[in-house]
Amino acid sequence: MSETVPALEVRGLVKHYPGVKAVDGVDLVVRQHEVLGLAGENGAGKSTLLKALVGLVSPDAGEIYVRGRAVKLRSVVDAANHGIGMVFQEQSLVPNLTAAENILLGSEGGAVRRGVYRWETMRRLAQEQLDKIGSTIDPLARTDTLTFADRQMVEIAKVLRIEERSQHPPVIILDEPTSVLESKEIDTLFAQIRRLREIASVVFVSHRLDEVLDVCDRVAVLRGGRSVGEVAAAGAVPRDLHRMMIGSTGSDDHYHENAAVPVVAEQPRLSVRGLSGTSFRDVDLDVAVGEIVAIVGVHGSGREDVCRALFGAEPTTAGEIRLDGKRIDLSSTRAACAAGIGYVPAERKVEGMVGPMSVAENMTLTKQKARCAGPFVAPRKQAGLVDRWIQRLSIRTPSRDTAIQRLSGGNQQKVVLARWLVGGDIGLLLLDHPTRGLDIGARSEVYRLMRELAAGGVATVLLADSLEEAIGMADRILVMSDGRVVAEVACPSGGKPSPLDLVKEMV
Amino acid sequence: GCTEEQAGGAEAASEGACKPSDVKLVGQVRNESNPYEASWLAGGDAFAKSVGLTQERLTYAGDSTKQQEQINQILARDTECLVMNVLPNGDSDTAPIVKGADRAGAYLVTQWNKPADLKPAEYKTWVSHITYDGVESGQQIGDALIKTIGGSGGIIALQGVLDTAAAKDRFAGLQASLKKNPGVQLLDQQAANFSRAEALTVTKTLLTKHGDKVKGIWAANDDMALGALEALQQAGLTGKVAVVGIDAVPDAVRAVQNGTMAATVSSDGTWQGGIGLAIGFCVATGKLAVKDIAPDNRAFFAEQFLITKDNAADFAAPKTNPSDFECGNVFNRVAGPLK
Amino acid sequence: MQSEVVDTSRRHPRRGVSFRDAGPPAALVVIFVLFAVLSPQFRSIDNVQNIMDAAAVLAVVTCGITFVLMMGSIDLSAAGVMGASALTVSLLVANNRTDNDFGLLGIAVAIVLGCAFGCLSGLALVLLKVPSFMATLGVSAVGLGVATLMFAGVQPNVSDPMLKSWAIERFLGFSYLTWIAAACILVGWLVQRYTRLGRYAFAIGGAEEVLLLSGVRVKPYKVAVFALAGAFYGLGGVMVTSQLGAGLVQAGSGYDFSAITAAVVGGTLLTGGRGGILHSAVGVLLVMVLTNGLVQVGVSPYWQGGVEGLIVVAAVAAAVIPQRRRNQVVK
Amino acid sequence: MSTPVATKPIDEPATVTRDRRTARRLTGFMPLIALVALMAALTVADPDFLTQRSLTAALRTAAPLIVLAAGATLVVLCGGIDLSIAALASLSTVFLALWLPDLGGLATPAVIAVAATIGAVQGLAHVLLRLPSFIVTLGGMSILSAVALVVSGAGTVRVVDDSTVKWLDLYVAGYVPMSTAMAVLVVAVIAVILRVTPLRSWISATGYSESAARLAGTPVDLVKIGAFCVSGACAGFAAVMLVSRQFSGGPTMADNLLLPAVAAIVVGGTAITGGHGSVWRSLAGALVVTLLRVGLPIVGVPSAYEQILYGVIIVIAVALTLDRSKISIIK
């Protein structure tokens, strides 16, 4: 076979959903031994396109060629047999199986003979996969005992089984694999991707454009379900990509620092003293009116649990929480809501949204006043309000009555965020990775929103997606480690610390 | 406006005006999956055949609500010349059946269960209620049991479904029997719900609880007695503990015959299934007038016999014959009025 | 109707597996000791044998149901399937109604029939997409109907010496039925731990959609699990027939809910993905110890059901205390 | 666990045409279609079946089942199940029969209030102890049965003066049974309240995704307790209907209505896993189930075949009515 035949080629692929042209005639070429980046806004159609390549989405029109031959991909197995494998945007592991079983799921090979397990073989085969990516986890650990990042590594180990399965160089698709990883893990992953390039082709999706340019050879850009062009990674800068993605130039001031308002420190909104729980101890935390405080720390630092505890979703054993000087008892999420606290959880699919319910319902689940007249729902009031927020946050949805699970990840996140804003009565906002999975534009909008809220007096606790985000957005940064606050770093506009300063505090 | 009855529908024929061929016969029991009730339906079929009709067989799976539903539906159809022979699931189910039938003018015979203060004599088409004297049968087998174990020692009792009259009366009979025999001690009593399977486990447990002290087992029906027999066999005690029951189902009669069971009491399912239809048929066709039926025959205890080894052979085959169902003979087995 | 634990505390690696699993066995020990103190008869060897004998059928039925529950489905077909298999076996081995005397073959046929009914449930689930709750309820009704047809008004009494001996003969103090149950538990455990069927059943309960994404065709496994469960019920029906010496349509009545109770008391989740055969075995013992103990200590028959219900709820409550977390989903 | 995947692996065929939308709208009417089809089939089997009197009787019969199913539907929508409704209704008939002589007209509201309270207590136990509703209500079922047995002295409690409950057994204009009218009213009231208040979305959110609902500040616990409370109240009201037509109360009077009630809910197309469904669907489901229960034997299907047919038809009915567009994985 000639080296010039593309590993994978897509011509005129179309996939329409009711009211949405998710993919609208896309052409895409994945060459052999290259890392192809795929960029596009939330909802641009990236995941849909890629799912079509592994047989999960049946396209309405268009052809797919594998090494020059037209193929019909009807299932994941079909795709795997053609050497195409994918790590999905949402984690997809069976939580109650061992890591080894997950890695070999559906292609157990010698580990299962005539339906009977050979655990030792299974462990060994899984270990080989894990060794490839330098993961040190125990293959026989139950997957739900692993950290989020470890699980992501398990997924990557799993997709690499493709290498063993197909005689040809495989195509490995990674849909936003980095959005939940930390920098060290990302480095490991990138090393793998570079190793893979020697033996395979890789399609890589991320909203962190610098990452994309860093690891890819070439980047294809989608907009509104159509291919709008491609750039060679060498020499390109994120702005170039961004321009192609949205069709115009984005603002330079990503974090909207010019919109930051000076904090009046004498006006504490939240004041926490000696808060202890199962995974954190003696946490003191103050957030002033209009202030954004970021908490940084590695996995296991306990910062997520502090956040949940402040929302009444995690029990505490000691400590005092005051809101606007008044002591409050956060025994339930209801109590927290009533006190004017809002929370955006990190795990959107499970905790953030109710998938089968409509955008409107998801947005107004919390704030009764916003949609009711007395005890009754006022449909017009609700509709008006929801439409206003859909417009304001430019949420891409066919209508307010569309089930939220039909939206792209980024748009889902905006709906979840909007939930706390429709009432207009929020005093403290707890944001756990609010921009996870959002494209640059959406991020920028979320940041702008945060600034706007802060200017309006809302106090914010932010668990940022990256150190850069924490630094960019926060007025003050707390560093947590092992369940304790170990440092506090001022982070005023104009006097921002460098990521290195923070890392020093974290270790 | 609201009415007590639903509108429309057929008028009941005036008493006795039915041609024999116009009569519709309905027999209703709990299920077809136990020998006693299966024999009831067979008896009904046999009678219907003898008058050239067929019996509509209804079963309600021991489900009170389902029984009422079926009765309602039956009564919503043409009730002219309708004859029903019904086994109400429990005491509480009789009143609505009776009232429904009365309103619709259907001829009704009920058996086994009825509250004491609900009396056929107060209704026009509720021709008769037939039952066996549970106190008597409970006492008879109690006495037989005590005699078998020699007048002293411990016994255990297996009760039926606790909220039925049959279970309560029979147990009252046992207590009367125990009163006369102070030498016998009731070690334990447990509900096994007339069920063979439940009786098996309960008996096994009671055997380990009371050990050698158990000389006899009193069961409120034969199904439970047969379950107890299995338990004894599994404990290696066959023949060492006396067992009594009620109903005279074939297996029990056989067990009495070969001595593994001490006694049972005949309640004749085949006869019960036929007689209710026969009485209704006679009234519907005018061979019998309700007003002529002696008050004592409107609610009566039927004859029952204690079956022991001595007379078991006589009961090996059902004793029902066609002449029992002739209009002149339908009250032949009356043992006395309902107390 | 189910109880699902969404593990939101991903940050804490799982603390104390043993602690979490220890609830039901601990409850078993506590209840056993309590009855033993209250009643000398209860703690006699005879009674322990008796409890084991009484537990045999429930244990076999629970083995079957456990696999279904592990998938997150539910199975209410035991009553009907057991009735049909009881009638089948009683008419195929030496009996008073037919001239058959097929012995072991008759038993095998009854088990295969159970398996076939299980298959039906599974097919209704995967092909007609009827929730298992309803599919199995329907199959149960069909089973009872088939059993009633075979019953035909006359009780078939079993005279086959081998089948009857199962309930009577003892080996090392326990009846053959008890040993059969023990063998079922062992087989069930091996299937659960070492076969793809068992592990996939577990996985389907954990995250069925992931299996689909991984290209695993789950439908055959689902049908197979129901068929396996049906085979266990079939065997259960045979065992009841051996105990009662006769084929009863009602042979399985009550076993459906008791088996689910036993499995749940043992720590199997109704949403699937957790628990297993050994958990269920503990649950069965717990339920049987309770039933037996209440009779032994002389609780009035009027109250027994109520007290048992109360203790079961309390036992499950005690068992879940170690896993209780804020924002844990329980359905 | 923390990472289920919402991807529907097999997505709908590409042709988004009008007939797809009509098909979707049709699924909403499926319970009705099933009802009509069944009625037609019964009429073909026995032309006498389709008379006004016959239908009126069937409607009257269905009333308690409709009310029971409507109440329990709320619990199912929240993702739970209430297995205690039938036992609670039985207990309520006993209470009502015992209280009628002293309380007269007040007995009815008193019984409904007590039943509602008992329901709420179970809800409370479910929520506070974090026990699966299946277990709480299964335990509740045995406890309530025991109480009913003891309170009634294990027997029927006759109602001598039924003047205060008699109204429920009358016919409006001679054609519409009052009990049925009341049952429809109950359904309508529940439906309207759900529709015009946020309750509908709270209940759905709780049923679809409890943790998300809780983190959105939805009063999940209160909603669940409320659902159990309404379920209890409905059981109480069903009990009043039963007493009005049975002239007595009994400790096991309504026990056998449990499975038909659950069947009614599922046949109506409400998802047993929660979130999707409605009380209207349960109304249609209850009518289907009632027709099957009374219709088959009345048109002359023999008992054994009746059970087989019941099993088969009910599975087919569910296959027709379940709106699978809302549920991607069926357990």
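Think of it as A, B, C and D in the order they're written, each chain with its own count starting at 1.
Operating definition for what follows: a residue touches a chain if its C-beta (ideal position, glycine included) is under 8 Å from a C-beta of that chain, and two chains touch if they have at least 3 such contacts.
Computed from a prediction, not measured in an experiment: that's the story for all the values here.
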Furthest chain, CA centroid comparison against chain D: A
Highest C-beta pair count, chain pair: C-D
Length of the line joining the C-alpha centres of chain B and chain D, rounded to whole Å: 34
Between chain A and chain C, centroid-to-centroid distance (C-alpha), Å: 43
Whole-Å gap separating chain C and chain D, where each centre is the average of the chain's CA atoms: 28
Where chain B touches two or more other chains at once, by residue number: 31-32, 162
Multi-chain contact sites of chain C, meaning residues that touch two or more partners: 6-8, 10, 144, 148, 206-207, 209-210, 212-213, 302, 327
Interface hub residues of chain A, defined as touching at least two other chains: 56, 88, 92-93, 95-96, 144, 148, 313, 333, 347, 350-351
All pairs of touching chains, each written as two labels joined by a dash: A-C, A-D, B-C, B-D, C-D
Chain A - residues contacting chain D, complex: 15-18, 51, 56-60, 88, 90-93, 95-96, 144, 148, 151, 311, 313, 332-334, 336-337, 343, 345, 347, 349-357, 361-362, 364-366, 368, 371-372, 375-377, 405, 419
Sites on chain D touched by chain A in the complex: 1-7, 9, 11, 13-14, 16, 196-198, 201-202, 204-205, 208-209, 211-219, 221, 275-276, 326
Contacting residues of chain B [partner chain C, same complex]: 31-35, 38-39, 41-42, 159, 162, 188-191, 195-197, 200-202, 204-211, 226-227, 230, 233-234, 236, 249-251
Complex contacts: residues of chain C adjacent to chain B: 39, 41, 44, 46-47, 50, 53-54, 144, 147-148, 151, 153-155, 157, 167-168, 175, 240, 243-246, 248-251, 253, 291-292, 295-296, 298, 301-302
Parts of chain A lying in touch with chain C, wherever the complex brings them together: 56, 75-77, 80, 88, 92-97, 101, 105-108, 112, 115-117, 119, 142, 144-148, 158, 278-279, 299-300, 302, 304-305, 308, 312-315, 333, 347, 350-351
